[in-house]
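There are two complexes below, and they share subunit A, which is joined by subunit B in the first and by subunit C in the second.
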Partner chain A sequence: MPSADVVVIGAGLAGLTAAIAAAESGARVLVLAKGHAATHWGPGGIDVAGIPAASTPRDGIHRLAGLPGHPYAFLGDDVAAALEWIRPHLAAEGVDYAGDLDTPHQLVPTSIGGTRRAAILPAGQAAALSPWAAGERLVICGIAGFKDFWPEAIAASLTRERIWEGGNRPASVTPVSVALPGLAARHNLNALQIARRFDDPAWRTTAIEALARAIASVPGSGGRVALPAVLGIREHAAVLAAARDRFPAAPFEMPLVPPSLPGMRLYAALRAALIRAGGRVQIGEMIERVEHDGRRVTAVVAAAAARTYTVRTGALVIATGGIAGGGLVAERDGRLTEPLLGLPVEAPPADQWLAVDAFDPAGHPLEKAGIRTDAELRPVAADGASLFDNVRVAGSLLAGHRYIRERCGDGVALTSGRRAARSLTAVPAGHAAEPGSE
Partner chain B sequence: MGESHAYDVLVVGGGATGAGVLRDLARRGLRTLLVERGDYGTGTTGRYHGLLHSGGRYVAKDALAARECIAENRILRRIAPASIEDTGGYFVATPADPDDYVDGFQAACIAADVDCEEIPVAEALRREPALNPGIRRVFKLPDGSVEPWQLIESNIADARAHGSDAWSYQRLVGLERDADRIVAATLHDERSGSLTRVTTRFVVSCAGAWAGQIAAMVDVTVTMHPGKGTMLIYNQRMTDTVINRCHKSSDGDIMVPVHTVAILGTTEQRVEDPDVYEITRDEVAALIREGEKLFPDLGKMRLLRAYAGVRPLYQPPAEATEAALKDGRQISRAHTVLDHGPRDGVENFVTIVGGKLTTFRRMAEDTVDTVCAKLGVTEPCTTADEILPNQVPGKTYWLGHRLADHEAEGGGDANLLCECEFVTRPMLDSFLDGHPGCSLDDVRRGTRLGMGPCQGGFCTFRVAGVVGERAGHAGAADVAELADRAILGFLRERFKGTRPIAAGRQLQEQWMISGVYEGCLGVESLIEREAPEVSREVVGAQR
Partner chain C sequence: MTIAELIMEASEEFVGYSADECLKCNVCLTVCPVARVTDLFPGPKYVGPQAQRFRTGRAQPVQVPGIPFALSPDVTVDYCSGCGWCTSVCPAGVKVAEMNSQSRARMKAGKRPKLRDWGLGQTDLVGQVGVLFSPISNWALANRPIRAIMETTVGIHRAAPFPKFGRRTLQSTWKRRQKRRGTTVIPGPDKAVVYFHGCSANYYEQHVADAAIEILKRNGFETIIPPQVCCGLPLISNGIYTEARQRAHKNLDVLVRYARQGYRIIGTSTSCTHTIKAEYREMLDIHDDDATVVANATWDICEFLLDLHEQGKLDTAFGRLDEDLPYHAPCQLRSHGIGLPAMELFALVPGLRAADMDHDCCGIAGTYGMKKEKYPIGMAVGAPLFEKIRASGATEAACDSETCRWQIEKATGTRTRHPIEILLQAYRAGDAVGAEKRGPLAPAGT
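Entry: the complex of A and B
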């Protein structure tokens, strides 16, 4: 029977972070996930605490930590260390991030012509992070026939002062559209298909030249140019370098509806870092049940590829995400359940799950639902007593935070994932890593 | 007040009934204007389960309604085939249904002239394997599903071809009365705010559940008993046949396949105001529990949204017993033409109440007969005889037609904006060209964009983009506001439909979509918090 020191369920930022941290400390780690996670529909940055009141991420952490029941109350002091720890792992896979906890939040324009707060972004979006200089222009450069990016509508929206909350913004926003080689008559391309074209060096050269000419045709000079986030996947660094070299304005990508290329690049880097550290990832595993003997989990049983797969394990990290990821299930009778271990879920009653208006400024009470843990991320009962000795919970499954609305999901995932792993591997794991034994 | 217009007849209400009355009046030579406060078919007509009745639901209790249904069912198949999907219908006896009803069902159908054939249970289960395997008997009837918006458009087109008019987004705000006659009406343009005066010889109220409000404008009392019916939309067609429980009609006993989805209906609950009602989680849970008697796995299937319509139920005051008013199902589904001359002393005013979508043409015929008698017009009704415009004889709707049409033209890259419903950029452009000033809701009804399983998650911002591109090219000044309204209006509407059914995989989907729009696309930055409420989410550039 296969075995591991640590099984991690869930392959999002929290799960992969936990797995890398556990593998680093010598544990034999296996990540099981039913599919890809929020990385594939997120903007690919590391949002730590992008709330409107916060000047910087560090300030935001401090403010969120003061909210009742927020996980930053016990994780907040660790965010900086977690961030500095993950950076070299990602950089080693060619994915660099700009910004840190003391970078002022900037309003970054989005692909529907809105803005969102950000401070830590991948290299492809880094040019959006600096304040706009007096007279500086923004060009929105679309790809003819690509239906997930509409430069005219984006530019028209970003021309409005209120979208920038009345503050710092570009002096002008101008749309331009370019037919790329061989794509002019194609309509049903998604971002991933275009990104793969950019990975091809010959096609890339022609495409970059076409883009450069179109951007140069826009009156004015310098400034920045926003493009849909399609600038390569495996060869993203090379595409970005070519764009920076050839374009008459500093390029940055705007993340799109799924599949999100910046998020996929982040996922690929995390996965590669984990494999480099000796861990394994298996996607497509539906977890059937988790076996336990009293307070200790002993095995995970998964169903995939027409067989049942049982892994004996010394410890378990549950990083299955919140409602969107399926880590929490909202039952029709109004209960919220955690399907793997039946952990108690902290949640409002069903008639208070959702506010009346979709965009209620106070948010929806259900957003804060999740599993309550102690500071070591052990799941606890309502009275605070821990329920399992070798189980940890990480990421958006944790109770008390609004991972989207407070723009803190990445910070919580990263910090809780790392701490969960360290907490588990501080106890003797029983086995040393056995490279090549897989 | 803008310029004044004169028409022979003013029809109030742009649902199926109003459109039918307009067509019938126009064909009898009366120059008529129809006015509707919103877009056509946005009241009860657009908020029903999509069923083309065979009459089977009424045979036991309301034989008159059953007879009218089957007669009109046959007529509509002839005059409006493109608006009808010929799904056929099964009336199935589940173990919960009483034997005496089931045993008498076929005889009752035959007595009401409703075609009814008993088929082996095994045959029904072969065609519809998701059905409860415990069903005991199955009757096959000529039910179908009907597309209400296309039907309305066809009726209006025919009326226009006969010299009449229809105006949407014009709310009737006043009627001028001179002794025993109405002489003119005042209309409020819901988008520009301007007022228009229309003089007329006759007024027909087709306002359905809202008929009381129209009648009150000339101090006439019409007491409606609006009945709310709640329906649930599933993300798939678990059946290609309309399925009815073979019992006395009740809640949650009918499933209608409509385009790419299926609709479970309905509930019956009296409401005071047809514009104010709520759908509760308990109501949804009760519907699903009943529906599981037809489809045992219903509880595991993904719901897309819940919605409700308000039936225009009317009971003459003498028959409005306490019991009937409490249980709306006891109020007849047959229709009544109220002639306000003898009834209320207003000589040139009638109201049509009751009825159902399947019989809208017959309702219109009866109404127009009354109007013509009063106006001394002797032209006979011809609406049952001639096929409607934009319809091909005998060619009923088929789900695969958009793909088949595309393939017939050579196939390949179709420039799809809405993958779920196969809506292409040329289709959207053509709709926007033909409907200046339309809203995103209008686009949805006109093209079915955003009505499929993803409920607009991946196509709405594309429409906003197209609208932005078109408006930008046309030099419109408010491009961004138009796009905002498209996106925010869609997300709010979607949320509203999801809220009462928030659970399971639909909540998961809703959470992911809001995660994308809020987390990745920063949609909240588009909201103008202090701004005054915008009355309509208009997306088409005004001309």
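Entry: the complex of A and C
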């Protein structure tokens, strides 16, 4: 029957992490989400605290934890454990991550010719993590006819010193492009089509050889080669192994515009881990309301054709994201609301929504808006009193962090998701409040 | 009313305006089963919300001399199978699949439909004629040379799955049965339901109807089978909206009389029930009160049985079925937004090891996979599912939608049944055990 011990709303990193952790403890878990987004839009790494001042993620966590109201103030000590906990789940699905909290932050080149600070990346991007040796070259290898990756433009940009913030960088950046067999598409050639071709062992062999020859044709030796993130979906590990074996330079993928293949691989691995743990996911569920009896949520009601779909639940994790994900809604009258339970939103008043400088390094006042919780992720009122016994909030909906600017969104999602689930499922069975026991 | 309010109202009303919400993130492309296997279809975003800017409102795009098909900016929309996955995963709520269906209809409007597409839409006519001459029609459909000719002339693929026509229609069988029983008083809406059998149960699979009627009876509901026509979905899928609307109104006129009295309308075909629940209003733009009343009264049979169970009213005297049962959830079921009720019901049957195959689409998509040019696409879409079912070693599989069942059965050779047929089997296993326990001399009525 449509009932669950734990319903998780949202299928991003926070939601799926919470669901896996809850399912692991034996709870019957159902994830309801309106669609795919966060994972499919992201570059697939795990950003923990990539702020410019931080030498490592661990250093970054300490710095962020000291900011007023930052979720790392209560989650920070738990990030390492969460990371080591999720790693084997992902590895079991063939998605390995390199780096940990003590890996020095490295400026990793991007597919628009910029750089971003990273320390924990999927295997396909791992070769970008080590510092550049003296004289080491970077080859940017594109695929002819693929319009989401322009080797010349990327190389031209990456040759500029300021892109690397004046620090460690490759000695040279050289573009090369190669036509791969059978890729003449009827319509726009997209990343998914190429990735699917790479999944086919026969085509892969030919393509890897063609790429290897093109890379070898670039003067110089060794170094690294950046490729668009199209190296397979299901067979990504095999494609990567073949590339490492055949290429004259260490290959790494550059994530592209959405849909992001590294993000899709992460989603697929998380979903598979959840199903293996006995949980379920239903996508396409627009939640209409959440029913509660006093301090306890009792059911989640989703829109359905001609009627609604009700799932009774013992507990709820809200991982619906921030403004972009729809977890927060901006009303015309200048309020930010949380649409599911009407939780109090910590946000600046409407007259402070407009920043003078769009790129102010101090950030935008709205970035930190979200739901305030206690250390167990229970949503709280302005006076700090918790509002619901069986509700937890996880991910970018949490107040106090700037998940993009501070590059801490994945660390917060992973750690809060796991803690939310553990906090809910650790409640002793006798405490699972009978109606009217208050 | 302000312009902003007008736009808000329009966007709630019209599928097309949901294109305004599109972020161009292309998440829809990642789940499109058709784009997964062929580049004939560029993907849901390109032909849907992206092309929609040229189709806004009710106006037609500017006709450019010398460029054919200017009615729609992208003719590849015809390769959309209508599975609806794009709509399900869109984080912005864009009705991509619905948009594609409407633009296909617009592309075909004012032109005479291809004989094949028209014919595939005429499930009633095909069914009537097929049943009338069933020995001949079944022979013809199993005859290779005839199927080859059909492929060349009409464009229906020679290997496309076709079910066998029944000896008579469910409607005529039912009328005879009712006649034999004499006039009976129709019980009230708490003791009877209306059965929307759809074309499959009427012309091809009476055993599904029989299973539904028996299961409903066991659970305290008499069945009412009013006259009805095809729900219209095959016409909608083939872009023939005018005729689809005629069918819809015929059905609504009959069904609304029951729905207004409080009767629920139960269907065994997830695609028919979804059409009545959602597409009459959303796709065919029928926005009168009748459409809403009927939609609200319509239930998929597994959804209905699960609801009975929720209320503690389902007869759960299921006997043991010791078997592996691969289950495929049809695309149309996902569009209902009711989870997988069949899987929840299977969990009530002792010994039954039902496994969700977790595959996007079997490839048939109603009549899509029957067409000559689309058959290979459909088979490629379903290939991983067929492989999983074959690898399971199971002797039968289950699926709620008829065309999917035919496709799976044809492709895998594994007998594929409606979930309620499995449930009926479980009830009968329960009866057998019950009879054994009671023994021959047990007093009646205990």
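FYI, the second predicted complex is superposed on the first by the 417 of 438 C-alpha atoms of A that agree within 3 Å, B and C clash if a C-alpha of one lies under 4 Å from a C-alpha of the other, contacts with A are read in each partner's own complex, and residues count from 1 in each chain.
Please note the rule applied: a contact is a pair of C-beta atoms (placed from the backbone, for glycine too) under 8 Å apart; a residue touches a chain by one contact, two chains touch by 3 or more.
Predicted, not measured: the structure shown is a model, and the values here were computed from it.
Residue contacts after overlaying the shared chain place A:A250 against neither subunit B nor subunit C. Of the two partner chains, both subunit B and subunit C are touched by A:N188.
In the superposition on chain A, contact is made by A:G35 with subunit C only, not with subunit B.
Contact with neither subunit B nor subunit C is seen for A:V301 once the two complexes are overlaid on the shared chain. By the document's definition of touching, both partners, subunit B and subunit C, reach A:P258. Applying the stated contact rule after C-alpha superposition, one finds that A:Y309 touches subunit C and leaves subunit B untouched.
Contact with subunit C, but none with subunit B, is seen for A:R196 once the two complexes are overlaid on the shared chain. Touch criterion met: A:R405 reaches subunit B, while subunit C stays clear of it.
Of the two partners subunit B and subunit C, it is B that touches the larger number of subunit A residues. Shared interface residues of subunit A (contacting subunit B in one complex, subunit C in the other): 41, 185-188, 258, 326. Taken together, the subunit C residues at the contact with subunit A in this complex read 25-27, 29-31, 35-36, 39-40, 42-43, 46, 76, 87-93, 274, 277-278, 295-296, 298, 306, 309-310, 334-339, 344, 358. Here subunit A touches subunit C in the complex through residues 1-2, 34-37, 40-41, 185-188, 190, 192-193, 196, 258-259, 264, 275, 282-286, 302-307, 309, 311, 325-326, going by the rule given at the top. Those residues of subunit A that touch subunit B in the shared complex are 38, 41-43, 47, 107-108, 110-116, 145, 147-150, 152-154, 156-157, 159-160, 162-163, 165, 175, 185-188, 255-258, 260, 322-324, 326, 329-334, 350-351, 353-354, 356-359, 361, 366, 404-405, 407, 409.
Those residues of subunit B lying in contact with subunit A across their complex are 281, 285, 288, 299, 413-417, 425, 458, 461-462, 464-469, 471-473, 479-480, 483-484, 487-488, 491-492, 494-496, 499, 502-504, 507-508, 511-512, 514-529.
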